[in-house]
Structures are given as structure tokens and as C-alpha cells.
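Take a look at the structures listed below.
The same subunit A turns up in both complexes below, where it pairs with subunit B and then with subunit C.
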Partner chain A sequence: MKLSSIRPVAFLISKELVIAALLLLGVSFVIFIILFLSPGDPFGVMLKGQMISGSAKAGVREALSMSSAWYSQYLSWLVNMLHGDFGTSTRTGLPVLSEVIRVGINTLYLTIGSMLVTLFLAVPIAIFSARRGMTVFNWTSTIFTYVVSALPVFWLGYIVIYISIHQFGLFPLAFGSGSQKIDWLNFMLPVFVLGIGNGTISEVVRYLREEMERVFSEDYIRTARAKGASIWKHSFKEGFLIPITEIVASKIPFILGGAVVVEQVFNWPGMGRMAWQAAQDRDYPLIMGITLLAAIIVRLGSLIQRVVHIMVNPRASQE
Partner chain B sequence: MIKGPVLTIENLRTYFYSKSKQAFIRSVDGVNLEIDKGKTLGIVGESGSGKSITAMSVMGLISAPPGVIIGKIRLSTESIQKNLLQGLKDYVRINMSTGRIMEIYKDNVGWQKNIDRIMYKIRGREISMIFQNPKISMNPFITIGSQITESIMLNTTIKNRSKAKERALYWLEQVKIDSPRLRYNNNPHGLSGGMCQRAMIAMALSSEPSLLIADEPTTGLDATIQSKIVNLLAELKSTVGVTTMLISHDINVIRELSDQVAVMYGGTVLEHGPAKDVLSAGYEYKHPYTAALLASIPNEQHIREKGYLQAIKGDVLDTINIPGGCRFHDRCEMITNKIKERCENHEPDLKDISANHKVRCWLYYDS
Partner chain C sequence: MKRYSQYSVEVSDFSDVPFWKKASFMDLVYVSYGIFIVILVIGSYIVGAFDLLPYDPHEINLELLMAPPQSSGHFLGTDFMGRDILSRLIIGIQAYFLPGLLAIAIAIILGTCFGVLAGYWGSGFDTIITYINNLLNSFPRLVLILLMVAAFKPDIYYIMVIVGITNVPVVASLIKGKIQFLKQKYFIEAATALGLKNRVIIFKHILWHNCRSILIIQATLGMAEAILMETSLSYLGFGVQEPTPSWGNMVQAGANYLMQGKFWPSTAPALAILFTIMGFHLLGDGLNNMLERRRNK
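And now, the complex of A and B:
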């Protein structure tokens, strides 16, 4: 690879990193404000069932050397965060960073796995219907994807759990239960449910098919046919690689959102379940950590998409 | 050795269906053409006369239904002699009533599958094509060099990549691209329009085809670049000597490069003959449409004599409602009372008026 093709990518990545840093700052600030304004606080949860008098709360506050002004709270969190200290969970007392990384990896398994399931179903349908037009098979499979996309993911999850427990007697049905090694069925069920239930499958089919159809009617594909070359080879970059990275990157937030639900339903030890639990507990440091990780994942997805676009499309690198 | 023309087209008909007008667009409606070995046939005509569709029909690249429905395209080169529409008749059923086509049933999927099978060894290898708008007709994601190399490896006996690359550089040199080694690694958008067209010509020639179809090779380029491309094509004609079907609406380009000329109008050929006869103003036996076309070229003599440019009156033929009789009769200025009735009601055939010169006009029927 020559330097000239790396330079635009390096430029893009450095620019994206700066933007990402600013974005994360903004995200953390907004989340902090929302948490600060929302009713309840960690101390209320900590002291639940004990003395609820104002003086006790103030005492705990003081013991944890927590100032009451929101800006000094935020600034102290920010300064610690920049030193690599994300604080400790107010509920479990474990360091936030290592906890978030531990559950983040579980969530990555779930989301990447489910994205693969989505693509595995959507891509063949898109390619067949782009190439062969609307045959009966393509028509029914497209309808199927729309119906599947309309199913609520929690409903689908409960149905799958119901069937697998009551019909097949699979129990316990939780990823990571018992031994530490991955139980394949317990792994596959949530992945499969999120893969077809995250609501993106019909959009992947539609977008990919439209892009492929558009590229198939481009003049340069006609030229490729006229010289006897493979139209798949010539349409791969613009008709497949670019649209698929675009649609996947733009759907990452939806999949993370779906993961929160699926992790609840399947008791999956991931980010979504932890976020849910942390919100219940008003576990502010943990919520901040998880939100930042989610923002990083979303941003990373769009960065990968931009990098692919620039590396594939020589015109984009000159813009 | 093969005898006779490299490509013979007989009664080719390519229709499209217009949903909004509920009618067939008869883009190519009974075309007859012949191209002799080593010669250049220029096809000239206004926009919408069916020139490009004829070329696309030969390549089997028509995808809109119903597309090619009938005809014979005979290719005879050293390695292949066959009718490119062989056995495809079974896929089409035409419902005629009182001489008009009422309905066309065509199994497009089956047709397409078969034409791809027939054309598999012909596209690129026997017939290659130059398109207009080179910047969007070459793959913008791949360097021009590897596109040429790909064509060489697919269509010639050179299967070794580095040898194919050497050959590609040779062809880039042949089309007078300066510093071919640098340009080899350029994407189409990194080249000017003229350079890109040269690369496209190199790609088409690199597969060493028996027949080259150049579809409006100079359209969309600057006037100065146009003349350079025409000079290049003329030079290649003498050095490489490939049989060419040249399509253009620019009579000057056709005049410069062609040995034979076919004048198309409304989906059919009105005149077919040697370029020097058809396109010379002095030659008197020609179709009134050709005469009108020649008179409409910006030309010193015309302007000096008449003081203005002469346009052909009326509009281009609407190929949905082709009138009975001669296709040109309502725009024709040479129509006489003697033949008027025939012109309006019966379509003349292509009639030999001298050796190799055919005209489709009632003027040359003596009766």
C-alpha cells in the first residue's frame, strides 16, 4: 500500500478522534445534567429502609466528601475520568471501568452476533431481488422481513423462552449460568432473537437492494458486461461494500437499544442489563461509564464506515 | 479465410414498451446492415433514430422488455460464424393483426439467459465496445490500468498478470497517453475526459476484437479534444485496421472515418452506401433525408448562398406512432405529385441504385 492512499485515512482518523472527544464530553455533560435533575439520588437508594431523615443523608454525603454544587460534582468526575479513574459503583463498590469493560465485552458478543444473523438473512434476499427482480420467492421473503421487523423484540424473546423451556425443557436459560465457558444454546438464543427482532432487517434488505439495483444500471456495469467481465466484481465496491457498512453503522444505536431489552429478557450479563440496574439504583458513576461506552461504540461504528468509504472510493478521498 | 461481411444484420427489430402510453416504442424497426472486414461503417442519424439501440442489440445488452424481438445478427470472424440470435425465436410470440403488432409475449428471463450464454465468448473477445461519457463508462473504483489488464486477461491468450500489464502499457502508448506508467495507476476521475476516452479506446482494442463498436466516441468531449480523438481513431484505423461500426450524429466525424455509411431514421436504414457517395453534396442519387442532413451542416458555402443555416423542417419521427408509408414523407421536400400517393401509403424497400449503394425512396423506383 502506498503512502498516498494512507494519508487521507490518517487525516480522517485524527479528525474523527478530535470530534469524538468533543462529542463524548458533550454526552457526559448532558447525561450528568439529566441525572442531576431526575428525582432521587444514590444516597436515597443506599439508605433505603434505614433512617431517611435529612441529617443522615447529609452525613453520608459528608462522609463521601461529596459537594452539593452540580458543577463541582461534574468537574471532579471529569478530572478523575481524565486520569483514568471512572469512580466506583455506589451499589457494589467495584471500579466502574473494569465492570463496564467486563459487561461491554458480553454486549459486543450479543450485538455483533445478532448483526451477523441479520446480515445472514438480509443479504441473500437483497442480492437475489436486486439481480432477479421481484419473483415470487423474493416477494414473499421481502414481506417476511417486514413482518419480522415489526415484531417487538421483548415479545419475541418471551415467546422463544416460553417455547424452549416448556416445549424443550431447557433450563436454566441464561448465558453464563453455571460454568464460565459459553453455553452455545444459551448464547445463540438471545443472539438469534436480537438478530431478527431488532427491526433493522427490512431496512437492510431495502437499502442494499436499492443500492445494488442502482449500481447495476450504472454505465460502467454496462461496460463491464460489454467486455465480458463479471458484473459482481465491478459492482462489489459501490453496490455492496459501501452500502453495507453504511447501513450497519447507522443501525448500531438501534441494536444497542434492542440489546437492553434482550439482555433483560434473557438475563444476559451485558451492558444493557447493567444500565437498567444502574438506573434503578441511581448508580450515577456506573450510568456515566456505560453511556460513555455506548457513545464510543456508536462513534466507532461510524468511523469504520467513513474509513471504508474513503479507502474504497478514490473520489471521496479527494473531497 | 472467411468471406463476406464480418457482421450482417437482417431485419432487426428492438421494441420497448411504454407503460404511460400503452404502446410499443419501435426503436429499431427492421434494420439491415453489413460491415465488411477491415472497413469502417458509419451510422449517422438524429437522436432517437435507433443507432445506439442497434449497437446494444448486437451486444445483447438490452435489458428493458421486450427488447430484441426478431431479426438475424450474423457474425462471421475467423473463430466464430454464427447467428447471434440463433434459437431465440422460441422465446418470443408476436400477435399480428392486419400487419400491426398487437401484442408481444417474450420470456425475458429465458432470453437473457440464452443471450448471455451465446455472447459469453463474444463480448469483449470478438466484439468490443467504446461508449460515450468515458468518465462514467469506466469503473470509477478501479484504476484504468487494471481495467485494461482485466480485459486482456479475460479476452486474449495472455493469462499472466505481469505480461498483461506490459500489454496494457503498450496499448496505452498506442492511444498516445503521455507517461503511460503513471497513468496506469490513475482512476478515471483522475484523468481528463479526452484521456479517459483514450483509455477506453485502449481497453476496447486491447482485447484484439474482430469488430469494434464505437458508440458516439466523441460525444460529450470538448471540440478540440473531439478532433484529437477523431485523428487518433483515424490513425488506429490505419495501424490496427480493426473492423469498426462507428455511431455518431456528427456527420463530420463519420465523413472522416468511414468507408461505408448507413443513414438511419425512425428505426430503419434509409440509405446505405460508400461514404464518398452518400456524404458528398455533389452526388445526386441519394435519399432526400440525407440531402437535408447534409444541407443542415454549418458550412461556409451554405451560409454564403442562403445567408442562414438550414434546419430540417418538422420533428424527429415519433417511434410510437410510425405513419404508414415512407417514414420521412411528412418532412420530405423532394416529394412530387407523381409519387405522393405511394409515399404516403407504402413503405419503399432498400433499392440498389448502383453498386453497393442502396436507398429506401420511391424517387428511385421507375414506374
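And now, the complex of A and C:
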């Protein structure tokens, strides 16, 4: 990279960071507004079952220096969060931040692993059909991707559990329970189920194939082919790296959503299961923390995508 | 919903040859399968609405628990309370049909408004709407719905409003891209020069003549999204509640008996979900290949 081009890239990346911070601010505002509008505001939960009269409630609010105007509530909540205080779960009484981070790691294993499974399946199909056109193999694999993308993921999970119990005598239902011997199975099965059943394979194949076909018909690829140079080397950045980071970044929310269901099926001790439990219990602080962490993961993914895009092609991002 | 790449379409590409004559064979297969599924869904909805079912879907028959398919007059067998699975499948369409239409309407109407604002009037609106789009894309949809469920109540219409709103960015960015492309064309410039009102240009020249197909495609994909969301939430216990059948809670209830080797109570609704969603996806993709790609060969 030339020295003169370094500064704009650093500038662009810092711009992306600012945008991500602004978006997270917006996310926290949306979460606050939803809970503020709900019957029983976020702070009313704290008082539930303790105070009866309205004046007593107001007194507690005042004692906690909680003003009733919505903007000051929002600001104090935001300042608390910036100090790392996400409140405590109303059900377990544990601090939300450490709980969410503890289970968030498990969810990250699940989502990253399943993303790799999706890519291992989708990329070869996309490359084959972009290079060779639509052969019989490619039609079958395309139809296959459509079928697996439409499968309800929880049913796929049950079928996999049924087969593993009845055919192999294994019970893949206790990831993280401590017994090292079958832990790899408890790990692999949910990852595979989410990787196949998260409904994104057909889209990854489609998008990657279209982008590759487009790049393969560009002039510079034709020149490379005429020169006898490697087409892969020339098309790698534009035809593979950029589309794949784009599609993966835009699919992170879907995979996190699928993780909620798969964690439920396999008893995976992750964020999705905790979100489900929190929604059952109306545990506001917990579900607020989970939603924020999920949004942070999504933003981090698209930040990485933007950085890759800028590094590969600084010119296109300078408009 | 899906993001399709935008292909540049020249006005000269529009020809008198109808689009289905130029389409490839596989796209025709995709689209006809999709249309078949749409007709099946609407037909089943009508059958369910006029109560023409083979059995009463709520009738409990304790003498015929878990009857296998094709036995004693029940085409797909009965579930754990002896209720006819086929009737429950048909009536289960009502769980997502109207809510799904609501989600589609919200996504299409709001998305079109946002797209037109950002694409036609440009920079100021564009910045704001890009921000809103990115904001909505930051939430994993299922987590946002769980937040709503915790804050308000698990109601399918609330959930579908969220599904609709989270689909707005996709529609908006597609419409925006299309308008930004069309604005460079001579016919829009000519319309402006002729003194046509913005209203006429937007609704007639842009939306009706050039964005129709995008919106139809997004509507089909939105329905698939709504079904998938309804089934996931019913599985999680926040969607349609048990005595009322929906495909999601049928799979969930039947799955308890899967371990005993009685597979049909959960497989029948699961396959219904599979074929329906595949139909909507194939319809959307096929229509997209036919109407939007128009590649010059």
C-alpha cells in the first residue's frame, strides 16, 4: 500500500467507528422507548410488589434520584451503562453484564461455527455454478440449497436428535455439562443444525454466484485470461472477498435469530435461551442487555465488513 | 427479505416480446411451482374460512389417539388428542395469512415512502433514511420480537408489525437504488421538462411502470418471512396458543412424540412449512430472474 493512501483509509475507518457508535446510541434509544411505552416502565419493575400507593412510588423514585421525565431517565440509564452497570436481573438478582457475557461466549461459538458450516456448503456450490454454468450437478445442488433453506430449523433439530439417539445411542442435549467425553458431539450437532437450517444457504449461493458471474465477465478478467494469468488471483478480491464479507455481515442478525431457536432445541446455555427465559419472566434489565449485546455483535460484523471493503478498495469508499 | 443486486435496465431493453417467452426453462418451473403454492394457500384459506373441512379441527377423539396416516378415514392421521391433522393443517393457514398480509403491507408502504424520499429528494433525507435502515438492521429480528413480547404481550399482530418494520430497510434500499438509477434517464428528465408534477412522475413513471415488479417480488418474499417467523415463535411458545392450530405449534406438539417413533404429527406440518416457504422463495427468485435481470445475451 502506498504511503499517500494510508491516511484516507485511517480516516474512513474512524468515520465508520463514529457511525457505529451513533447507531448503537440509536439502538439503546429504541430499546428504551419500547420499554418506556410498555405498561409498567423499566423502573416500575424494581418496585413491583413492594409499594402500593403512588406517592410512595414517587418517594422511592426520588430517593433513587430517578426523575420521572423520560429524557432524564434515558440519560441516567445510558450513563449507568457506560459505566458498565447494566442493572441486575429481576429473576436471579445477578448483575446483567457478567451474565450476558458469560452466555454470550457460548452463542458466539454456535454462530461462528454454524457460519463456517454454511460457507463450507455454499461456497463450493457457488464457485462451481459460476464457473461451469448450470450443469445437472449444479441444478441438484441449487434445489438442495432451496430445500434446506426452507426447512424449519427446530424440526431439523428434533430429527437429528432422534437419529442420534436411536441410531447411535447418544444424547446430544447437554453442552457444557462437564463430561468431556461426548462434549464434542454436543457441540457439533447444534452447530451443524444451525449451519444447515438457518435459512441463508440459498441466499449465500445466489449472491456469491451472481457477483462472481459479474466479475468473470469484466474486461480485466478477460485480459487476465488472454494473458494466461491466473483468473482466481485476479478475481479473488472483487469476486470473492467483498461479496462474502458483505453477505456474512448482512446475515449475522438472521443467524443470531436462528440461534435462539436452536439453543432452545438443544438446551444450549446461550444468549438466545436466556432471551427466551427473560421474555417469559418479563425480566426487563436482562432482555435489554441481551438486545444491546446482540446489536453490538451485528454492528461489529458490519464494521469488519466495511473495513475489509475499504482496505480492498479505498477508492470506492471515498464518495 | 432478500437483497437482490441491482441490474441496470435500459429503456431500450423493454420490448414487445412478453417476458415469459424470454425466460429460461428453470425460471418458468420455479414460478409455476410458486404460483401453484400461492393458489393452494389461498384455496386452503377459503376452504378453512367457509368451514368445508373434512373434520372439525377442534374435535377431540379419545378413541383414535395418534392414529397413523391413511387409517380410519384420517388422511394424515390424528394427533395426540385424536384431532384430524389434515383439517388442522388447513385451518392453520389462518394463523399467518392475515398477519402476514399486514406485515407485507407495512413493509411495502413504509419502504416505498422511505425509498422515494431518499432516492428522489436526495441527500438530506438520504442520510436520515440510511441511518434508520442501519438502525433497524442492527437488531436481530427474533431478539427484538422477544423484547416486544416481554414489554407488551405475545400477540401475533404485534409480532407481525415488527416483522413488517424490520423488512422496511430492504424495500427502501431497493426502491432508492432503482430511483437513483432512473433519475439519470431521459424519460424522467423529459417528464420534468414537460412540467409534470412530482406526484405524477413518482407514482406513474417511477413506481407503477418501473418498480411494480420489485414490489411484487418483495411481497412474495415477505410472506415467506412471515410464515417462518410465525412458526419459530409458535415453537418458542409466543405465537399462536395451543387450542388454535398453527403449523408452528403443531410441529412443537408433535415433536414430543417423535422420540417414540411417531413421526407424522410433526412431519406433516413441517413438510407443509417446507413446501410453502420453498414455493414463495422460488416464486420470488424466478420472478426476479425474469423481470429484473433482463441480461442481454
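Convention: the second predicted complex is superposed on the first by the 261 of 319 C-alpha atoms of A that agree within 3 Å, B and C clash if a C-alpha of one lies under 4 Å from a C-alpha of the other, contacts with A are read in each partner's own complex, and residues count from 1 in each chain.
Please note the rule applied: a contact is a pair of C-beta atoms (placed from the backbone, for glycine too) under 8 Å apart; a residue touches a chain by one contact, two chains touch by 3 or more.
Quantities reported herein were computed from a predicted structural model and do not represent experimental measurements.
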{"item": "Side-by-side fit of subunit B and subunit C on subunit A, or clash", "value": "fit"}
{"item": "Partner chain(s) touched by A:Ser38 [first = subunit B, second = subunit C, both, neither]", "value": "second"}
{"item": "Subunit B versus subunit C as contact partner of A:Asn80, first or second or both or neither", "value": "neither"}
{"item": "Contacts of A:Lys237 with subunit B and subunit C, given as first, second, both or neither", "value": "first"}
{"item": "Which superposed partner A:Ser14 touches (first subunit B, second subunit C, both, neither)", "value": "neither"}
{"item": "If touched residues of subunit A are counted for subunit B and for subunit C, the larger one", "value": "C"}
{"item": "Touched partner set for A:Lys227, first subunit B, second subunit C, both or neither", "value": "first"}
{"item": "Touched partner set for A:Pro314, first subunit B, second subunit C, both or neither", "value": "first"}
{"item": "Which of subunit B and subunit C A:Val30 touches, first, second, both or neither", "value": "second"}
{"item": "Overlay on chain A, subunit C to subunit B nearest C-alpha distance, Å", "value": "8"}
{"item": "Residues of subunit A that touch subunit C when the two form their complex", "value": "19, 22-24, 26-27, 30-31, 34-35, 37-39, 134, 139, 146-147, 149-155, 158-159, 161-162, 165-166, 199, 202-203, 206-207, 210-211, 214, 250, 252-254, 256-258, 260-261, 264, 272, 275-276, 278-280, 282-284, 287-288, 290-291, 294-295, 298-299, 302"}
{"item": "Residues of subunit B defined as touching subunit A within the complex", "value": "59, 61, 109, 120-121, 123-125, 128-129, 131, 133, 136-142, 150-151, 154-155, 187, 189-190, 200, 203-204, 207"}
{"item": "Interfacial residue positions of subunit A with respect to subunit B in the complex", "value": "132, 218-220, 222-229, 234, 237-238, 312-315, 318"}
{"item": "In the complex, subunit C residues that touch subunit A", "value": "2-3, 5, 26, 131, 134-135, 137-144, 146-152, 224, 228, 231-232, 235-238, 248, 251-252, 255, 258-259, 261, 266-267, 270, 273-278, 281-282, 285"}
